[in-house]
Amino acid sequence: MLVVDGLVKRFGGFTAVNNVSFKVDQGEILGLIGPNGSGKSTIFNMLSGTFPPSAGSIRFAGTEIAGLPPHRIINSGIGRTFQIPRPFRRLSIFENVALAGYYGQGSHSRSKADEAAERALAMVGLPTDRTASVDGLGAAGLKKLELAKAIATGPKLLLADESLGGLDEAEMDQAAEMLRKIRTELGITIIWVEHIMGVLMRVVDRVMVLDHGEKISEGLPSAVSHDPRVIEVYLGTDAHATQATAAAAAAAGSDPARR
Amino acid sequence: MLELRSIDAGYGRFQALFGIDLDVKAGEAVGVIGPNGAGKTTLMRVISGLIRPTKGSISMQGTDVLTTPAHRIVSLGIAHVPENRRLFPRLSVEDNLRMGAFMPEARARYRERMDFVFDLFPRMKERRNQLAGTMSGGEQQMCAIGRALMSDPKLLLLDEPSAGLAPVVVQQVFELVKRIRAGGLTVLIVEQNVQQVLQVVDRAYLLEAGSIRASGASADLLADDSIRQAYLGV
Amino acid sequence: MMEIFDIYLLEALVNGILLGGVLALLALGLNLIFGVIDVTWICYAELVMIGMYGMYYLFSVYGLPYWVAAPICILLVAALGAALHFLVIEPLLGAPPINQLLATGGVLFVLQSFATVAFGIDFRNLGIRLPVLALGEMHFSYARLLAFVAALIGMVAVYLFMTRTYTGTAIRAIAQDRQIMALMGVDTKKIYLVTSALGGGLAGLAACLLVLQYDVHPFVGLSFGPITFLICVLGGLGNFVGGFVAAFLFAEIISLGGLFSDLEWGYVLAFAFFIVMMFIRPAGLLAKRS
Amino acid sequence: SAQAQEKKIKIGVIYDLTGPLAGGGSELQYVGAKIMIDNFIKQGGVEGYKIEAIYADAQSKPDVAINEAVRLIEQEKVNLVLGFFSSAQCVPVAARVEQLKNFMWITTCISTAVVENKNLKYVFRPQASGQQFGLMAADMIEKNAKAKFGKEPKDMRVAIIHEDGSYGVDVAKGNEAGSKKAGFNIVLKEGYSATAPDLSSLVTKLKRARPDVIFHTGYNPDITLFARQAREQGLKFGALVGHGAGYGVYEKLKEGMGSDVNYVFNIDPISIWLANQSALDPKLPPVIKMVGEEFDKVKPGVAIRSAHVGMAASNSYVFFTEVLPRAIKKYGGVDPEALRKAALEVDLPEGGTMLGFGVKFAGEGSPIAGQNERSFPVIIQYVDDKSYVVWPKSQQQREPVLPLPKTSGFSNQ
Amino acid sequence: MNKQLAWGVGLAALVALPFVYRDPYHLHILVLILIWSFAYTSWSMMGRFGLVSLGHGGFMGVGAYVTALLWNHLGVSPWIGIPAAMLCAGVLALIVAYPCFRFRITGHYFALVTLALSGIVLQIIIATRDYTGGSLGYTPERTKGSHIVALQFDDKVVWYLIALGIWAGGLAIWYWIDRSMSRYAMEAISEDEDAAAAAGVNVTAEKLRITVLSAVMTAMAGALYGQYQMFISPDTVSGIAVSLQMVFAAVVGGIYVALGPTVGAIITILLAEVLRIGFGTKAVGWDNLVYGVLLVLFIIFLPKGILGSLLAWLKSPSKHRDG
């Protein structure tokens, strides 16, 4: 459903993303990993229209969306979360999500927006009462709110940027579970950026690895976590690699849905 | 080296810490773990003077921290890498590092410290003129740690240093913590990554809902079943 | 005829540059306050006005020599700047920026009416007449040359101070994250004191030189206030070199615009230029485009 | 019955005591009017009517002037409003006063626009209009062109510059009309804002235009700035003719221009202390003396008493001696209607006021209804810290010095 | 329900007022307060969302001058002239604001761009004095025909009722926005434009809508002011001074509550009036001195505005937030 071809982003003289091409299929969860500064968030920013690509094409559900303004892209069915949560503190939790429901789907119906907000909040497990304030949320709550906002826009494709950072183990598991649920129950395709391999590798169908703005590896989690280049630049040699491999292996064994 | 006695602290009417007692001895690495919202960050802020406790006492190598003005606490040898990095986004990397060496004591050794930090994080040297706000999350974390090290501290407070870092960098950070310790620096570190932090610290405190629930040597905590259940997901 | 035209055009050009010096001098202190520490002193030009009165009293009433009066006046306005910070800005540091704008707007009223009450509504004048530099048909004012040189030296000095010293770096940092300054060992009060006094001092410097060219009256600030703000923004907030260049661009537009058309339209042109430039280079004349 | 005993006229007096106009001359006008009002209060009133004055500050803002006028009329129930310095205030206030059918006595506000085609019934201005100022300036230059400049009027190069407020614009219109009539070559006509931080391009244009005479209308800060930049840029000319306001305050002019002030012309209603006293009504010289003494008490140590003071004093005096007694005696009171009828009947010949001119108001139907048809300004010249009336011939105290002698920094000789 | 009743009674009382109490000067002040309240409310439509405009003097000037110019030169009735003037202001707002929002000019930058705009409008009015009367100001010609067509009334009561209606209309619009999704969108935009866009909000369009609405309403206020005073001058309806006056009054009253700007108008106008009359000519200049000091104190000690702080204070003891 998403076809990216030759995507490039330059900041001044610096090339953050260099000629990256990839595809995402309907209903899959693609893991996007890579060292810090390798261009993951930048790719998200281009996919969601936060800034236009310097070159390349992005086709979503058959139409070219590269360079469109963000609200058009969101309306066409791409939702995103931010790596560092960006809640609207002057609105209540419910209003935050209802806003996304109202504008995100482009339908501009108040009742539909409220409905969408309630569904999204229930999905991530946040209170659905209308006045609860954002200030009461901790790190985990804010991440959930990010997800709820993204879901409320009614996406076909969800871009999740580091949904786990700053969460404790129990919450991470919850979050991973949630992503899975989003995919299975809502049928939403997901691209997921994450540094916590133990969790990521368990959930994703396929992994793509970036380094210095270039794609260096792509494939099944188990394969990628054995790729020596990936180990060198990203996983490091010890525990993580083994953890990742183990997770991937475990997942492969337990999940019949995987091809 | 650092002693906290029955600290109460909070934000306005909201109390976040209840009667905290905590010790860090010279040369030790101590961890603080606990769920979200337990008050870990608050604890760090109290030590570095960003917020003042409502009750209790803190001393650093015999000096009363609470009577020391906030901006003099760095001079006692306490450096704090705050949660979420908190860099100066529109200053260059180099200027951020320079801010870390603001104290008169540190200025004299500016070059030397700078080389030390660049050694530690070659990426920072590469990006020394980039505005800190435009760097990736991981790069910013490096910069924040580097900035704290610029003051040549005796005690380094790290608040979730591994958050958002690539696994290879997380390893580097923890190795770094080890190296820093080897250099005689004392470290107090807050982490979600319990598994790994317990491998680098000597002792740890478990904080829950603003009180210390448990404490002890890392090995003991790692062996404790209830902790393994709650925090290691095992 | 053409020849004469050329020389007058040249004179207007050079006069534009000299006016630019005056505006650049004014913008210098404001850029420090408004551009760097992100505090809005809407009453900046009124500080200059008080400084000009200071010069008038020290020089004309108390009979001090100019070179003695000037440093006293600079100190005076520096103290005023610091007082402004601690009385008005400090309590508002956490409030929305618009509140700073308004509080200092209130101070603007206060200073204007204070001057009216204390110094009367008469126009005051030092009565110093500096010699004139004549190059053939063209004549230039020493008072303006002086302002130009002061602006240039001031700009370089402030630039070096801001980029080369620890205090300068701290000044640039303070607007970005005030809370954690203490972690760096920085006493924020002291930094604010230094900055506001410096900003005030620069206003005082401007006052010493402006008083050689302009009459003082309680409303003299109106002539300069808005344009000074526009220059700071046009040059890029906190960008001293940009501010300097912007001052000259503005001055040339006013000067040449005034030569080719009516004086009044010169200002319309300058304002319009500002708006257009905001669209073309929103982050300031010298900013790199991202 | 208490009311019947206590006969009283309440006067609302409005000038600018703060803001830019205050220093431009409004405050001096206020002093002049107050001296005269206090004088009549001290005398115990007029024709058995006690006088009560309520003063208000228009703060150099038209909306404040409107508000104060409305307040004085509707709230304080004054019988008339008197004063006003700026034409930008006079225009709307006059309209309001007409609407409220009150009475307005304007001592200053020289813009022609205040009365022109307004068909005002209750508004009177004994003062000369701005265009008269402008015309007078052109008249003097025209009559002296041949003798002093050695040129035909059509060869005279004149430049008209003015602040772009109501006052400058109006005077400049008069300058232009007069210059056209005289056949001068107008080489430049330009307005500028009184708060402009720079006039150097104006000076450059003047240098290029090489005028023999500059007609200038402005307030203080801009006059100083212009003079200073003109000198610094080496502008040369044969005569500088100012038109009241800033040029009327010699002290400030001298402070700003230094010795360059020598031989500058100024057009204003004559300063009452310069008036040819033998030509005046004999009861006036003691009043002039009184005003002078009172003024010295308010502002001691002023070398040349500003014309502004006398202007307001004289124009107020006309009200108290001509309008008020007639209204009371002939029309039975001080209501607006009585005051209006009394004002229309004022008929003073030349020499009948301290300013030298007479008073006869244009009545209903005239395009300038409410304007004193007998008023005229005079031209004075500042010579060595003294001022002399040099024009018109009838008032002349000495010959004008034209063109600027070589001793002047501006001389183009 | 109770609240609605209170509103109804309040409004009815306001409508009845001039028939009971007819002091003309006080009515005059009331009319001014109502017109300015409407203008300040219009400003705070934007101001409450962090769009600090220092250019509303320009819109006010366009409203007043276009209406008066059309009437005097072309004989166009203000009933058509005012909508035309509002249209002009709207177009002007579009021309300036669209690039601003497109190029992400916000905060200080936006404030100063709009400041320049009001400077331009002022200068143009002055420079085109052959049409506008320049700094002498401009007077709509008195009608020789119908007062209603010319929108000129000598009776202050009529004006009071007109101003009251407009003011109430302004409040209604305020409420309408407050209840609408636009408010959510604008709050979101004022905090974080990227995040708002990621929620699907068309940031540029939303900002433009609110800006144009605010500009158009301000132009209407300017036109009404001109019709009521029967006089406009660049200083009273245009330029930087008026723009600042709007910001002041609105913020002093409180920009986050509906009646805040109204309270701001009442306080600033009455305060200026009382101080000026109180000090009179005995202590010249002191009224503005005291006025300035009070403004500074208000803003330092009541940062949410007088009404905003008052409401917050009334609420806080009764309603315990979080816990």
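We just call them A, B, C, D and E in the order they show up, numbering each chain from 1.
Throughout what follows, a residue touches a chain if its C-beta (ideal position, glycine included) is under 8 Å from a C-beta of that chain, and two chains touch if they have at least 3 such contacts.
The structure presented is a predicted model; accordingly, all values stated were derived computationally and were not measured.
A.B. asks: Show which chains lie in contact with subunit A and also with subunit C.
C.D. replies: B, E
A.B. asks: Along the shortest chain of touching chains, how many steps lie between subunit C and subunit D?
C.D. replies: Minimum number of steps from subunit C to subunit D: 1.
A.B. asks: For the chain pairs D-E and C-E, which is connected through the larger number of C-beta pairs in contact?
C.D. replies: When the contacts at C-E and D-E are counted, C-E has more.
A.B. asks: Could you tell me the distance, in whole angstrom, between the mean C-alpha positions of subunit D and subunit E?
C.D. replies: Roughly 37 Å separates the two chain centres.
A.B. asks: Any idea how many Å lie between the Cα centroids of subunit B and subunit C?
C.D. replies: One centre to the other, that is 43 Å.
A.B. asks: Counting only Cα atoms for the centres, state how far subunit B is from subunit D in Å.
C.D. replies: The answer is 77 Å.
A.B. asks: Could you list the positions in subunit B whose residues touch two or more of the other chains?
C.D. replies: none
A.B. asks: Spell out, as numbers or ranges, the residues of subunit A touching 2 or more other chains.
C.D. replies: Answer for subunit A, listing residues that touch two or more other chains: 11.
A.B. asks: Indicate the residues of subunit C shared as contacts by at least two other chains.
C.D. replies: As it turns out, subunit C has residues touching two or more other chains at 113, 116, 262, 264, 267.
A.B. asks: Sort out for me which residues of subunit C touch subunit B in the complex.
C.D. replies: Counting only subunit C, the residues touching subunit B are 166, 169-170, 172-173, 176-177, 179-188.
A.B. asks: Taking the touch rule as given, give the residues of subunit A at its contact with subunit E in the complex, in rising order.
C.D. replies: Those in contact with subunit E are residues 48-50, 69-71, 74-75, 79-80, 82, 86-91, 95-96, 98-100, 102-106, 108, 110, 113, 133, 135-136, 149-150, 153.
A.B. asks: Note which residues of subunit D are touching subunit E in the complex, please.
C.D. replies: Its residues touching subunit E are 17-18, 55-57, 59, 61-64, 66-68, 70-71, 74-75, 87-88, 91-92, 95-96, 99, 111, 113, 164-166, 169-170, 193.
A.B. asks: For a test of understanding, state which residues of subunit C touch subunit E in their complex under the given definition.
C.D. replies: Against subunit E, subunit C makes touches at 34, 40, 88, 91-92, 95-99, 101-103, 105-114, 116-117, 226, 229-230, 233, 237, 262, 264-265, 267-268, 271-272, 274-275, 278-279, 282.
A.B. asks: In the complex formed with subunit C, which residues of subunit B make contact?
C.D. replies: Per the stated touch rule, the residues are 48-50, 69-75, 79-80, 82, 86-91, 95, 98-103, 106-107, 147-148, 151.
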